[in-house]
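Before I ask anything, here is the structure I am working with.
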């Protein structure tokens, strides 16, 4: 199985997560961290809906992107930062539910590029449904940390 | 040139935009509406940054998705609602700037599917720079409006 | 599990596959058909390489697209034809191997749109390696068959 | 405007193009080379159709990918090779026509990654129609050339 390449990976990931204004503003929290896999969660939030009352597709994407980016980060070296190169999201049904879970995982980790995939799961009255998926390319950038 | 297919398109678009919790929560406003083209704008907002202090890639995507979705909506019939099927975003450089403009435009409008493209422009000390692009597929859904 | 919606699905799929000039020209053949899942195969073919001697990324994509499209077709109604709306391919490593397998599967099947995913596996000295993935949106079109 | 970074760029591109088995097998030829822009062309070819008689979406993608990859190559340094990281293709209408033109252009050129976009134009009785588009991420790889 995959292993952390940086012994401080979990602590650094938690610190970086705390510094993401976007996560706290939207009520997204860390649910699980493992080598190559990060899970986030979020309750339904009427402040981030589109005009039919579902969660906005872009907000769902924001959470999947963060899950994928942090998953990539868990397998990077100590001096690397992660930036999103590109992603594609598919929306199979509207984002309806009481709460949401966002899973990001590394498909292939390279020195410069990491390929990841993510999915968004809606939880409603105990039932779970995957309603959106993502594939994302992440890039390791060195020399950003002051 | 493209024309509105619904005489109430602009009024309905403004009303739908107002009902998007996500737009007001993030400080995104309508800048321009034309047949097949919608432009949104947003000041830099520290509440929606990632951990390096740039605007979160997902937030930029949220704005581009809205610009593209509303652009598609301008060419749809009166009874149609628009839902995002999928999009892909490319990030050419980090989202740094004092303000941002998001342009969505229709590439091809069909009865069921509309192909759109979007771009995000950063404005900094009067200079403009396109730093992200999107291609998005939008779907017309009928029978949603009560 | 998924089921064929058309009792003639397998026979029609085989007939449509035979009519694809692209498949026979490239030496791609059907390996397996199940409801919502189609597998194709291809030997290494120097006639379809790029300039480093690997199989061309577009040829790999052609095979993944066909696997995904036919997978979508297995769950469609008798009168429907399938057209590709869009796809995204990721290439994790070059297409090197003696033979290749292409798996397409339905993630969500709808009346109009079907979401699929695919992957390309290289086979080399008995070892298998997934080197490319796809997500594709397929559309059911009615009234095309004469 | 963009400039070639390698004085031998055009000669090397032509040599690399000649070595692409896929291009000659499919009848795709070079139409134009400029810094950051490459155009390919192809007559309708029944050997590469799908089962409705249109050109296969994957073949159209193969040509757009080559146009984008070579466009990226024109702005790379002498020692760099180009590999496709990922691309997304949208198909707005079926690939019907007597001949096709494929345009690839660089949107942003970086040391490691180059963002490109492409489009496919069908030519039929003198009329032109853009029927497919691509966005592609290309990577410069050093040390591949023997």
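For reference, chains read A, B, C and D in written order, and residue numbers begin at 1 within each chain.
In the analysis below, a residue touches a chain if its C-beta (ideal position, glycine included) is under 8 Å from a C-beta of that chain, and two chains touch if they have at least 3 such contacts.
Here is each chain with its UniProt name: A, B, C, D = Medium/long-chain acyl-CoA thioesterase YigI.
What you are looking at is a predicted structure, and each value in this text was computed from that prediction instead of being measured.
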{"item": "Maximum centroid distance from subunit C, chain identifier (CA atoms)", "value": "B"}
{"item": "Classification of the subunit B:subunit C interface as same or different, half of numbers criterion", "value": "same"}
{"item": "Distance from subunit D to subunit C - Cα centre to Cα centre, in angstrom", "value": "22"}
{"item": "Rounded Å distance between subunit B and subunit C, as computed from the means of their C-alpha atoms", "value": "33"}
{"item": "Interchain centroid distance [CA atoms averaged], subunit A/subunit C, Å", "value": "29"}
{"item": "Where subunit C touches two or more other chains at once, by residue number", "value": "85-86, 88, 90, 135, 137"}
{"item": "Subunit C residues within the subunit A interface of the complex", "value": "88, 90, 92-93, 107-108, 115, 117, 133, 135, 137"}
{"item": "Subunit A-touching residues of subunit D, taken from the complex the two chains share", "value": "85-86, 88, 112-113, 135, 137, 139"}
{"item": "Subunit A - residues contacting subunit B, complex", "value": "16-17, 19-22, 25, 46-52, 56-59, 61-66, 81, 83-91, 94, 144"}
